[in-house]
Structure formats: structure tokens, C-alpha cells
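Chain lettering (A, B and C) follows the sequence in which the chains are written, and residue indices restart at 1 in each chain.
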């Protein structure tokens, strides 16, 4: 069970360079998203969101049908579907295939799903070289760090950090110019692309009627990873299904815009199996590893299964005032921000990180930008109720529960409520007075005062003033 | 085993039975705006240029060929075997390698070449995208490995938007194992959000519309 | 007019900022409304609901429903409390048909103050006068759940002597979030400081909102930082003469 990472959060807040980096980067993405989804630029935007929501809802609620449909068509294309209950089965399959084919070098394009199951660690443990090829992910791989953000993994790194990492890990001369750093990575990774035995990708969408995998990117590393090596393996959660290729017309319009403010990312690949006999290049073998890893648990909750609609655009992270303060590494799992906050407890159980659903002011900005209209704030509220129930079952949280029971009781007895209020006012109340300290302050009062002054209770409550006012008018 | 387990879990979670057909999916609402060919050409060019790609209109095969020649002068290029390129005389330009049908040879050639020259199956006017469907004539690596990509596209192939593309091609798998939309030069902003072009894919994209 | 309206002043205004309730009453009376203040009122239940205590929230909500059952117009000087009642009571009473029915009736009769002025009373100019350079803070529940954005700005545009400037960036949470403010005080404080910076950049001497909880957070943080910007509820500005 994780405790609220108070120290780490404090450190993040105190690091002004980090705060600047997070705020600027996410701010830029927020502005770009806003510019391309405004009513002037994309009049259909709200309609598209509704459509996307409806399509995902339909797909998720009939997921078994679409999984089988996808399997049929992928297989007809010459691809192979491998069903994996969890990350272990994903890794086992890849290791076994690599062994059979004598494969040593793997190139990977960006996939949060593979981060989720820590695939690289497993592959490396068994002597395979698995190289991340997305620039941000490559930098983090060298630094042995987790992604900071779903879409912009190295958000928190400066060019000087990158210079340090490249010098130390690649043995190159120190280079702080970003364009040059990119060229270094390009040079190193190009060799890997051309020599790799296997390319592993994620999938943004799995298209059921066409048996296709859709991948969006800006760099070209996904195209290279899925074209140059003789084997392509796409790892995808079962929730990535959409019914028809035509549905891509809806989702592609939303994904790039929501993620980075681009009407379309530079490359959109729709891959439907190994290369055909008439084609010159492309992989000879094409595998889609369809993974559960707990998604069926989320599926079982009719109120919260909408969490599976997520298309991993990262818009909720960018707009979240909490994410923008604490940063991606202060979330307990690879998925951070609002989406991380709602799926982590569902995957791991609410008692794993009981503080997580409460780490939100419920401002609702996430729901406003979500392209598939997931009701994140409501799910957080539901999770909070579940946390409390779970805590009580374990005999925890009794004091807070008692406090709220007393409070509720008081709120049902207006005269006592008034009396309580008047007593407080009698002790501390003074017209317009704000307190910067309160003697013997504990708990919530102390917490409040650590950051703000506290208003003293009004000497006379509204109801008392109202009574006096009416009496004065002879009412 | 895993298959049965997962499908069983899914069905139990949803309260569905095997073989149960769903209600029809919400209908796709594809909207294709009315636009004449000239609008599409200018739209495409403007969109690609806004992404730091370059787009020129050639009035006739000779002009197209000369534009390509000027771009690649003094450099090496790999050209696809698209009949359209052959008609324009691109394969016979100095420095151009063509007629490669072997995968490994193609990989080597593309890795060494300065330019990749292709046609395109379609283009999208609203986003400035090229639509590349992999085939014997049009392999994948030519528009990917060389640092500069030239695409010569007949104007009739320019569609209005994605909706029109998916109306024409409702099932990409029917045509090819790979359909790729190329929307401008390769780019990244992974370091300090500073934009850099030509990370892995071509840093320069030139479209010549005929 | 002599129409009768009921006031739900909310517990925070009742105990900490009663002047806001009085100001709202002033504005409504000047418009010719007769005001009823059901004395048995206490709270809408939001603190318990947001903290994950559904049963306790229900108890308090039942009390609210009983107190205000039969009221034709319930006016509330708070976006978050109005939103709680309008949008979450149905969820709370999903399994209690009689209460659900009550909740639905009240949902159609409860009004956040600025929305009442504009959509029911149909006034924009309430005859207010208030000299200040001000900025308006979009409180999250009002903005996103009740779609309150233009309304208060239109009302403030008619206040004589008031110059209204927009914050940049707009629409960012002040960091209150109920118990969030004390469970995650450092983050909450950080969010407040970001909000304060935006306010200070406008050069305003006053920040206005429709939610006293936001104002409490903002003013509390302003004072701690030693800034001289005052935080006023919309009602207080509209009541000024």
C-alpha cells in the first residue's frame, strides 16, 4: 500500500526549474489543443466527441464480438493473434519467438502498454537488446527512468540533462544543442532499425472489420520499427478495438488535436498483416498480442468501464492543475494524471494507493477536454466512496468516519448546528478578521494555515442577522 | 487457453453470451465537402507548406520532370516503380536508381540515397497528407529511409479529407498490408518542446502536383 | 412583482461570510422579490459527498429536501452547492424513489444567484455602483457543471465604476476542492499561488467570484503572501450603491 508521497511532492513543488518545465510544456500543449478544437477551426468538435464516446461505448459493451471479429480478419490477412492474460504471457511469447528465430536485437516504438508490463526489463533480463526508438523514450531508457507523461515522456529533462545522459551512456562528446542531440540519436538508432530482428510497437487502434493495427506518430520510428525488421509484434490492450476502419475518420480527427494540437500526426500507419506476396518490403511475420492484464476487471463495473474508452491522448494530463504541480513521477503507476488516477485504483485495488482518488480538486477540466467524454470526476467520487468503505472494513479511518457522522447529525439538527456555530464565533469570531495562526491547531486547521490565512467565524451568523433584520423591520 | 479465459472474462463482465450479435454500431457519419479540383490543389499545397513541407504545381509532364531533376541535381535518389513516375521519365534522371524489387537491396539503396522519389495513391487536401499504399510498384521504405522525400502526384488523386478516403477505402486490408498517411516532414519536440525536423523519417517532403 | 423566493445561503456563508447572504437578499428585495429564509436549513451535503461518505451525505441531503420541499424558487449564492443539488442528488437517491422524485422537483427549482438574475428575473442592470479594477474568477463547478461563464460578466459590465479585466490563463482551478485543500495543502497552496499570480498580472485590486469557497482560498492565500487584493462575492458587488 502506498502512502501519499509527501516528501516527493514537496520536492517537486520546491523545484522551481521542474515546475517551470512542466508548466511551460503542458501549457503549450493546452494552448495548441485549444487552438485546433475551437468552434471556428473545428465546428464539429463537440459532435465528434459524442460520436467517439458512442462508438467506444458500443465497442466496449460488445467487446467479445469485436475481439473475435478482429481475430478473424487479422488471421485472414496472414497475421497471427496471440491472446495474453497478462504481461508475463506477452513477454513469454516474445522470448519464445525470439529464441526460435535466433533474434537478438529488438527495436521498439512508443507503447504505454509495454511500459505497463515492464516488457523491456524482462527482455533484457533474458539477454535481448530492446531499444526504444522514440526520442523521448530512448533518452529515458538510457537514464533508466519511467515516462513522465503519456505523450511527452521526457517532459522533465533539459538539454543539459540530455547532454549528460548521452555523454555518459553513449560515450559521445558533450553536446548541448538540441538539433545536434537529435542527430546523435538518429544516427545511433538508424543502425538499430536496419539491423533489428524484431520490431515491437503498440497500437493506437485495433480495427475489427479490417483486421488492422493503426499507429500514429511524428518521428517515423514506428514506421521504421514495423517495416525494416522481418518480424513485427504489436502489443495492445483489449480495449483498443474499434469496429470499423471508417471509425478512424472520427478518432484520427480527435487524437492528434487533443494530444499535441495537430490535425493529424506526421505518420498514420494502418497495418493489416505481414507483407503480401506482391509487396517488396514489410515484415514476413505479423503478430498482435492482445492483452487483458486486468482490463476485464474494469469491464465488469458498468459505471466505471468507460475508463476503457481512453485513447491515450494525454489532454487530461496537460490541463490538470494537480498534474502540473506534482508531475508524472508522483503518480504510483506508469499512467499518470487524471486517467492514471482513475484506472490505477481499478487495476490495483483501491487500497493500494488510497490517497490517489483524493488527490484532485474535482475541477472537471479533464472531463471537458477528454475526446471520448469519460466522466473522470464522477469516477473519482465513486472511488473515494469505495476507498472509505474499504478502509472501514479494515478497521481504518474510524476517526474521520466518526467526524463526518457527527457532522451529518449536526446538520440534521438546525438548532444544535446554530448553537455550535455561535459557540465557535463566540470564541474566535471577530468582524472581518483573518487568522494567520490558531493556538493548538491540529489536523485540517493546521493544514489550512500552512498555506493560507483562515477566516474567523463571523460574530453573528447570517441566520441571526436575518432574524435581527426582520425584527428591525417589524416583520 | 488464454483465448477462452479472456473471452469468458469479457462475456461474464458484460453479461453477454457467446455468439450474441450486438445491436448495430452507431452509423459512421462521413462528410465530404464539395470542392472542385483547383480548390483541392491549392488547399493541399497550403496545408503541406504550413507544415514546412514544400508543394509545387507542375503544368505538364516536362515541368514535373524538370522540377524533380532540379531538386535532386548532384544527389542520389531511389525511385519507386510507379508507372506514373516512369511515364514522367523520372527513372532516367541522373543519380536515380529504380527497378529494385528485392527487399534487402532496396533497404541498402534507400539507406544510402539522399532522396526517395515516389508517387502517391491519394492525397488529402485539408491536411496536406500523402496516402501511400504499399504495393509492388510502391514499397514502404522509399518514403521513409532517405532524408528527403519527393512525391509526384496527379491532381485527380487529391481527395477532400479523411472522410472521403475512408469512403473510397472502407477496408484498407483489402488493398495492402500497409496504408500510411504522410502529413509533412518527420518531427519531434521531445527535448524541451523545441521542434526538430527529420528525426527518423525524412526531414524534407516535396510534393509536386501535376 | 412580489414573487416569493427562498434563500439557501449555504453553511459557509452562514457561518463565515454572512454579508454575502445579506447582499444577495438586498439585490433580490430591490428587484421586488419577497424573501423566505427557511430557518431549518443547514447544508447541501457536499462536504460528505466529496469526501466519499455517501450515507452521511444522503442524511444531510434528505434534510435539505424536506426543508425546501414546496419552494418555488430556491436561490443559492454558490455554484458548487447548486451543482451538488442539481447534478448529484439524483445519483445519491438512485435507490429511493420518493426522494428521487423530490430531488428531481428541486433540481428544476434551484438557481445559482447570477443565473436566477439573468434567466428568471431577466435583469442585467441591478443599479449597482462599485469603484474598482476587478477580475472575475471562474469557479470550477459554476463554470463546468452549470455553464456559468458570460452571465456574471454581463452583470458586472453594468456595474457603474467597475473596470473588469480578464485573467490569463483563464479558468484555472484555485485549488480549494473541499477537503483537498487540507489533505493536500502544499499542492492546494501551489495552485492558489498560480491563481494569485494570474490575478496580480491583471493589476486588479479586487477579485470576484460566485463561490465563497474559492474566495476564501484566494483571499487566504493573498493575505499570507501579503498582497492587498480583496476577494468579493458577486452579490456583494451587485448590492453596492
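Everything that follows uses one rule, which is that a contact is a pair of C-beta atoms (placed from the backbone, for glycine too) under 8 Å apart; a residue touches a chain by one contact, two chains touch by 3 or more.
Keep in mind that what you see is a predicted model, and the values were worked out from it rather than measured.
Asker: Starting at chain B, how many touching-chain steps does it take at least to reach chain C?
Answerer: The fewest touching-chain steps linking chain B to chain C number 2.
Asker: Of the chains present, which has its C-alpha mean closest to the combined C-alpha mean?
Answerer: Ranked by how close its C-alpha centre lies to the overall one, first comes A.
Asker: Quick one: which pair of chains has the most contacts?
Answerer: Chain pair with the maximum contact count: A-B.
Asker: Centre to centre, using CA atoms, which chain is the farthest one from chain C?
Answerer: When every chain centre is compared against chain C, the largest gap points to B.
Asker: Chain B to chain C: how many Å between their CA centres?
Answerer: Centres of chain B and chain C (C-alpha means) sit 53 Å apart.
Asker: If you average the Cα atoms of chain A and of chain C to get two centres, how far apart are those centres in Å?
Answerer: A distance of 32 Å separates the two centres.
Asker: Would you please write down the residue numbers of chain A that are in contact with two or more other chains?
Answerer: Nothing qualifies.
Asker: Please output the residues of chain A touching chain B within their complex, sorted ascending.
Answerer: It is residues 21, 24-25, 28, 44, 51, 54-55, 58-59, 61-65, 67-68, 73, 77-78, 83-85, 89, 133-136, 139, 152-154, 157-159, 162, 178-179, 181-182, 185-186, 189-190, 193-194, 207, 209-212, 218-221, 223-224, 227-228, 238, 243-250, 252-253, 260, 262-276, 278-282, 286, 290, 292, 296-297, 299-300, 305 of chain A that touch chain B.
Asker: Note which residues of chain B are touching chain A in the complex, please.
Answerer: It is residues 2-3, 5-7, 9-14, 16, 18, 20-23, 25-26, 28-31, 100-103, 106-107, 111, 126-127, 129, 134-136, 139-141, 144-145, 162-163, 165-167, 169-174, 176-194, 196, 198-202 of chain B that touch chain A.
Asker: For a test of understanding, state which residues of chain A touch chain C in their complex under the given definition.
Answerer: Per the touch definition, chain A meets chain C at residues 4, 6, 9-10, 13, 27, 30, 321-322, 325-326, 355, 357-365, 367-368, 378, 381, 383-388, 400-401, 404-405, 407-412, 414, 417, 421, 424-425, 434, 436, 443-444, 447-448, 450-455, 457-458, 460-463, 465-466, 469.
Asker: Give every residue of chain C touching chain A within the complex, in rising order.
Answerer: 9, 11, 13-19, 21-22, 25, 37, 39-43, 45, 47-54, 56-57, 59-60, 62-63, 91, 140-141, 144-145, 169, 171-173, 175-192, 194, 216-217, 219-221, 223-224
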